Amino acid sequence: MSMDIVKLLEDVAQKRISVEEAQLKIKKEPFEDIGFAKIDLHRKNRQGVGEVIYGAGKSADEVRDIVKLMKDRQDDGILITRLSDDKAEVLKESFDDITYYEKAKLAIVGKKHDITGKGKIVVVTGGTSDIPVAEEAALTAEFLGNEVERVYDVGVAGIHRLFANLDTLMEASVVIAIAGMEGALASVVGGLVDCPVIAVPTSVGYGASFEGLSALLSMLNSCAAGVTVVNIDNGFGAGFFANKINQR
Amino acid sequence: MSMDIVKLLEDVAQKRISVEEAQLKIKKEPFEDIGFAKIDLHRKNRQGVGEVIYGAGKSADEVRDIVKLMKDRQDDGILITRLSDDKAEVLKESFDDITYYEKAKLAIVGKKHDITGKGKIVVVTGGTSDIPVAEEAALTAEFLGNEVERVYDVGVAGIHRLFANLDTLMEASVVIAIAGMEGALASVVGGLVDCPVIAVPTSVGYGASFEGLSALLSMLNSCAAGVTVVNIDNGFGAGFFANKINQR
Amino acid sequence: MSMDIVKLLEDVAQKRISVEEAQLKIKKEPFEDIGFAKIDLHRKNRQGVGEVIYGAGKSADEVRDIVKLMKDRQDDGILITRLSDDKAEVLKESFDDITYYEKAKLAIVGKKHDITGKGKIVVVTGGTSDIPVAEEAALTAEFLGNEVERVYDVGVAGIHRLFANLDTLMEASVVIAIAGMEGALASVVGGLVDCPVIAVPTSVGYGASFEGLSALLSMLNSCAAGVTVVNIDNGFGAGFFANKINQR
Amino acid sequence: MSMDIVKLLEDVAQKRISVEEAQLKIKKEPFEDIGFAKIDLHRKNRQGVGEVIYGAGKSADEVRDIVKLMKDRQDDGILITRLSDDKAEVLKESFDDITYYEKAKLAIVGKKHDITGKGKIVVVTGGTSDIPVAEEAALTAEFLGNEVERVYDVGVAGIHRLFANLDTLMEASVVIAIAGMEGALASVVGGLVDCPVIAVPTSVGYGASFEGLSALLSMLNSCAAGVTVVNIDNGFGAGFFANKINQR
Amino acid sequence: MSMDIVKLLEDVAQKRISVEEAQLKIKKEPFEDIGFAKIDLHRKNRQGVGEVIYGAGKSADEVRDIVKLMKDRQDDGILITRLSDDKAEVLKESFDDITYYEKAKLAIVGKKHDITGKGKIVVVTGGTSDIPVAEEAALTAEFLGNEVERVYDVGVAGIHRLFANLDTLMEASVVIAIAGMEGALASVVGGLVDCPVIAVPTSVGYGASFEGLSALLSMLNSCAAGVTVVNIDNGFGAGFFANKINQR
Amino acid sequence: MSMDIVKLLEDVAQKRISVEEAQLKIKKEPFEDIGFAKIDLHRKNRQGVGEVIYGAGKSADEVRDIVKLMKDRQDDGILITRLSDDKAEVLKESFDDITYYEKAKLAIVGKKHDITGKGKIVVVTGGTSDIPVAEEAALTAEFLGNEVERVYDVGVAGIHRLFANLDTLMEASVVIAIAGMEGALASVVGGLVDCPVIAVPTSVGYGASFEGLSALLSMLNSCAAGVTVVNIDNGFGAGFFANKINQR
Amino acid sequence: MSMDIVKLLEDVAQKRISVEEAQLKIKKEPFEDIGFAKIDLHRKNRQGVGEVIYGAGKSADEVRDIVKLMKDRQDDGILITRLSDDKAEVLKESFDDITYYEKAKLAIVGKKHDITGKGKIVVVTGGTSDIPVAEEAALTAEFLGNEVERVYDVGVAGIHRLFANLDTLMEASVVIAIAGMEGALASVVGGLVDCPVIAVPTSVGYGASFEGLSALLSMLNSCAAGVTVVNIDNGFGAGFFANKINQR
Amino acid sequence: MSMDIVKLLEDVAQKRISVEEAQLKIKKEPFEDIGFAKIDLHRKNRQGVGEVIYGAGKSADEVRDIVKLMKDRQDDGILITRLSDDKAEVLKESFDDITYYEKAKLAIVGKKHDITGKGKIVVVTGGTSDIPVAEEAALTAEFLGNEVERVYDVGVAGIHRLFANLDTLMEASVVIAIAGMEGALASVVGGLVDCPVIAVPTSVGYGASFEGLSALLSMLNSCAAGVTVVNIDNGFGAGFFANKINQR
């Protein structure tokens, strides 16, 4: 943004634009105000990735309106996360090119980005119940242009299942380790590989798992260095962060 | 105790003792009231192990008085846990046959029990900071008559250190797994061995370890079946429980 | 696992198998990858008990596929926990030899193990609302080959109900003490018997029971030594651990 | 206070006092403003007991000033709680008739009230470490004019010690049950006696006792009806409340 | 219970009953085992009040069976708490003399006790949403033989509403103060009256009330002495305890 | 209230009213007791704003009765918060002049107050999901006679959206900053403007947002001075407080 | 800040300054980088009050350097909060015009602002232990140019002490209500006065006050509208916010 | 590790080493057991970085022994974190080439790695109290071979201080955002830059910051995608992770 100001100042100094226009530009350009929301159309320039639609707190109509606006302004595909099955049904009526991934509760309008990531992102889970979160992570990373490999159900209670996939882990550019319950998977993986490990605690479990708190604390306290953590069940955040690393 | 009542009833019925004597017997026999404490001299019969002195909330004088009373009434050695260095110094003046273990903050007056446990109890720790808790567990188990093997500093961040000791773990009768931080050790060990695993969370760590809460929740949510948990830093409880299993 | 490596190394050294075969063996043998899950067929050898199916996070179809696979590879009965009534209905269509226990939300395909446990496992509960968790524990222990005795609704508010069952408790090989609310049962039982006591906090209660937290903390802080704790409502874990002790 | 207003209104109506005087009376009478504090000299009339000095947040000088003021205005003895040893030393220089109870960290200036309570208040503790809190409760009740009997160190881990004192408990007018760790004592006592039971959780314990939280939750969730709870370590509150019941 | 033993011992000594009969008596007398529950028929003798049925965790059929059993063995009315509307409907089919109080979710089979309490129990609430808990408390106290006066919706936000009822409060034998949100009512009432105050936090509120935690902590920390606390929403416990005080 | 007493005392002294009448006046005047509730009709005088009806814990019938009573006694419009759609439907049958705001779950019977606030209250939200809370705040402030400007969906993830509205923020008399998740909006706004900022955490988010706890703690710890906080989702409280400031 | 940009743009357009100068201005002007800190000299313009020095995390030398810098650049007095006694001693050596307030742990270098606030800010506390926090609030408000009246030790346990000061409260422009333990004072005051009430929870208390958590939750859940809350023990924040209101 | 096995198998198959030697190699090679610790000398190969010594739980003597061992086996410098001043003094006596960084409580024995990282790692803090954690992060990253730029004291309360450093942030390869209190810095930075952001919550703050919990939750719930979090005060972990990204 600092650079925008520099350029803008130059334009003003060169009389290429008026003061009023400049001020207007600062205010109006980077997003579109559609009443209930302000769509950040500028994000692609600023952060390398266009705005992603978080479907959870929005009606199907609101999501549709935002998608329409974004389709008009950009060529990229559009990612919608936390989209329920029934909202997805509604959207299918408006957009031919929408693909809905039921397990991940995630939709892509248009096409995924071309693969530009340099290495492979590996997504591992402790159990089968962690798969919805894992798919959110994997599909997000794929959408953003990365090759992704899935290694599911390799929790530490049967650690040989993890070791049988050591080659895959060793060759990864980034590993996303997803687990509920005690979340030990992140520490074990973090101790084995030399690439960055992003840990995602899930709300899988019961009783003293306290909706994912146990796995969250576990991962934050990992005795393995080189592990960072995102919010409980935040597969999207992990996939997005992994993409940032892999695109460098 | 139910059996005591049965026998007592018979004695009364047989007129071997009077009603008043019987009632008195129920009240007076199983402990000694020494003013500030009621020493449970009956516990050995009831639970197979004599009362253990918890040193934390007691003055050196109080501990000495209790030890004296117990020495008069029983032949066994006496175990004192959570005994600070300075209290230990005071006790050494009164008892020749006291041994103080500084790391474990634990003392034994008299001698340890003969080894009667059938197998070997293995005590593993995640790091070096867990050793004081581990020593409390190991010495408790040894005092109660068990062979103990220590495997320290084998946390999951360098899991090959654990695997290099797999033989020892595999041959254990009971494993006590002790770890702070994320406590993943318990789950990994629990998934590898077929004997009972007692997990001890420790308060080792900082920040979101919240004084051992992280390791505690982790161990309670272990994805490996066959793991049970004791209180944070409760090495004594783990050693005591392991003895119960190993003496069967 | 360490022993597998030893044997494998010998086979390789003896040229009985090639390096590639050996590596393959390490990777492929101990589990079956069926897409959404990796079934640990090796667990019986490693831990003395075959893999148990946790029904909560899986669809009826997924459970059925896993059961089929396991039936093909092993002779033992198969235990499924946390199975809802409607999923049980679906499974009954595929398997003739399935028995569903509605209170415990638990099913057994095939037959229970023969009784090989040396003593009796006693399951006690504080109230009637704890019975579902107790049945999960009791049936798990029975499935694994143990004689089980149930003593329900003997909470400390009417402690004579507990004492009337003292003989049963005194003769137990292991006691599983199950209670919600304040969880005092575990401490009282722990102070009376000389065998290991496994405490299971339940989510029974309201208000400041905080979904079982109160009972959980209570049991972890038990003033009676010789008590260990499993997760809230984890009847299966208690039954499984009790079996480990009783089979020694 | 409502009655004060009634009387005041009558005085005004009778012209016995002026409006201004009446208003003044409401404002000035019931307490004395000594700068840093407003001493409630009226409390004895309103609540049957004079104001008690909570020593924790006050300097020795401040406590002395308040005691002096109260001595001038009332004949009763004065109770000071949570008074540290060194502050007590300072006070002894100013007051001849002060008695300091070191274990309870409590002082009485002047004499205790005559015994007017109708029954006996029984104070029971789970362990020896609970005695300071118990003494605060017992001395408060004695100061307020009650006969008190102490039954210490009768925790549920050796429940026969409690039963040996059943006669005492059965004859109590009120029982104050004090325990740390898992606090099970309150439930067991609550299930045995027919008088009101006041439970006091203490901060005795370590790890998952979380400074008394475990005992607090335990007591709030007691399965025995007829148990109420005060703050952690609040011996004074329990003694004060017991007095209220016993003086009826 | 101790007294039972004394009497029993005498009977045995007098040969009035045999040892076996005595032992049987201890075991069988005080409760009835009806499979899923052990009904404590002895509680009336031991605690002055018969067992109360907690309806929450039981099916309508189970409640009916218990009521039937109790009706056969005792003349008193029977109190059932936490009984849902639909279970109440089922019970009405079996018992003519059942009265159901919908707001309080409480039923009485047979008639309330005669009024034997010496004073009046006053139940105050902070708001209208606290009334269900208040009615549980009031009806429990009435059932047990007490005169009860209700003063509802007098929270401290409009404190004159409370003061307008000061006469009622001042004349109370016991006050039950019920409030959610910040629970300040208990402290204000505790500072005004000289009788015992039982505080009941309710789960009324939202956000940082955390299901009653805010009111609970508030009440436990009351700056007014003479206040004790029961579990969140535990109207029954408060009414039961108030009865104990009022019946002295 | 103190002034009432002064005036009352004068009236009594002047014999304008009798003592009994005066006492009656204190008790009866300021509220109306309609059985289940005590309506505070006096609040307008005391606090400048009439009582507001909190619809959450009341039946549609109860709300209607209170509205009717208030309509008879005062001319002002009546505000009802937390009113569900179906209760609103019921009320529409009884009152012609009711307006229901569905997003805010808020109704106004009669008309809003005339605008008397001196400045403008600006309501900002971090996201679109915070809008229901924001509307509760905005409508409350409007009802009480203030000009309100809404600036929604300007969270710190796209901070230029916030800066584009800096003029509006800079000119505000009071800002209400509403955000869920990490609640950073309040700190950023608090650092930019010189007027008072009222922060409202919302329960928007998932996982470690813990139903608004994250935003609540964030706002309480704001590094920007001049920020105060209300309860989670408490739009009404923020609007009410903003009105108090703006009406000075 | 937006206005700065406007003016800057105009200056650039008018060629009054170059683009480079403009950019520099944005970067350099509003603060001074002194290595370990960036002093916000611009805050007075932006927020009406100069930067305040938070003494807690800084060495005496660091505080002195910042004070020196600020004295050179502005005429106003300088406020330092959370300054320990020994650091104050060090500062006294460097500055003649420093005044240190020991109870409040607060210092003022130079003179307080002239009184420009329109009304009176009243600071009330529940007890004497809350006075340090109250003095921080009162002195902050005085420093910023407000008349402040203190009403200390008027907690709700003796509510007539509060009522005797009703006139003072009624005439306040803003009330700051400060209390620990159960924090009920805020709700009672909030229900009595018609001005804004800022609640400050304190860490005064023990046990279940959990370092101020109890008072904090209490105040957030206040049943009285028109109350907002700041962080535990944050007297400065309350005084600062009260000033903002009072200066309008 | 999988690759080690492959190579080992080949060596065995080629008879280059015997079975016994191979097994020994697996067990002995990768770490050195020095009694109280098992030094992971293999980590450099496995994870690209040698073992780092965590000084907190170890005595000065223990640290010295480990350093000596590591110096003998590797050429790299050695990093010691959480080393107190007095332990550092002891180490200086044994090692000439030790450099101790007092603010960061961190020492380096030998020399830092050559700079091999491709971009620049930028470390930003909210306040001056966060600097110790920031220095731990910055020095760790420098030690591992990265160029680091520090931007301290740019918290969101004076957001222009952050914007004045936008160029630096925009050019970063990785940003480490460190803040206590409400931790909003991470979200604001995360919304501005397009590189990965690692957030480090610190324990700076008081009251409801709950030792860093507030900042931790804040950062986990960041509305800006592309932010991951490490444990409270874990500067080392952030620097280590940043290095992993920057070395790719």
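Just a few scattered comments:
Chains here go by letter, A, B, C, D, E, F, G and H, matching the order in which they are written, and residues are numbered from 1 within each.
Please note the rule applied: a residue touches a chain if its C-beta (ideal position, glycine included) is under 8 Å from a C-beta of that chain, and two chains touch if they have at least 3 such contacts.
None of the values given here were measured: they were computed from a predicted structure.
For the pair chain B and chain H, chains touching both partners: A, C.
Of all residue numbers seen at the chain C-chain E contact, under half occur in both copies; the interface is built from largely non-matching residues. For the interfaces G-H and A-H, the C-beta contact count is higher for A-H.
Measuring from the averaged C-alpha position of chain F to that of chain H gives a distance of 49 Å.
Mean C-alpha positions place chain B and chain E at a centre distance of 41 Å. With centres defined as mean CA coordinates, chain D is found 38 Å away from chain B. For chain G, the set of residues touching two or more other chains reads 1, 26, 127, 158, 163, 192, 207-209, 213, 216, 220-221, 225, 231-232. Which chains touch which is summed up as A-B, A-C, A-F, A-G, A-H, B-C, B-D, B-E, B-H, C-D, C-E, C-H, D-E, D-F, D-G, E-F, E-G, F-G, F-H, G-H. On chain F, the positions that touch chain G within their shared complex are 1-3, 46-49, 52, 119, 163, 166-167, 170, 173, 192-196, 198, 216, 220-221, 225-232, 236-238, 240-241, 244-245, 248. By the touch criterion given at the top, residues 5-6, 8-10, 12-13, 15, 18-19, 22-23, 26 of chain H touch chain C in their complex. For chain G in complex with chain D, the residues that touch the partner chain are 127-129, 131, 152-154, 158, 160-161, 163-164, 204, 206-209. Only residues 1, 26-28, 30-31, 36-38, 40, 42-43, 51, 56-58, 62, 201, 203, 211-213, 216, 231-234 of chain G touch chain H when the two sit together in their complex.
Against chain A, the residues of chain B that register as touching in their complex are 126-127, 155-159, 181-184, 186-188, 190-192, 205, 207-210, 213-215, 217-225.
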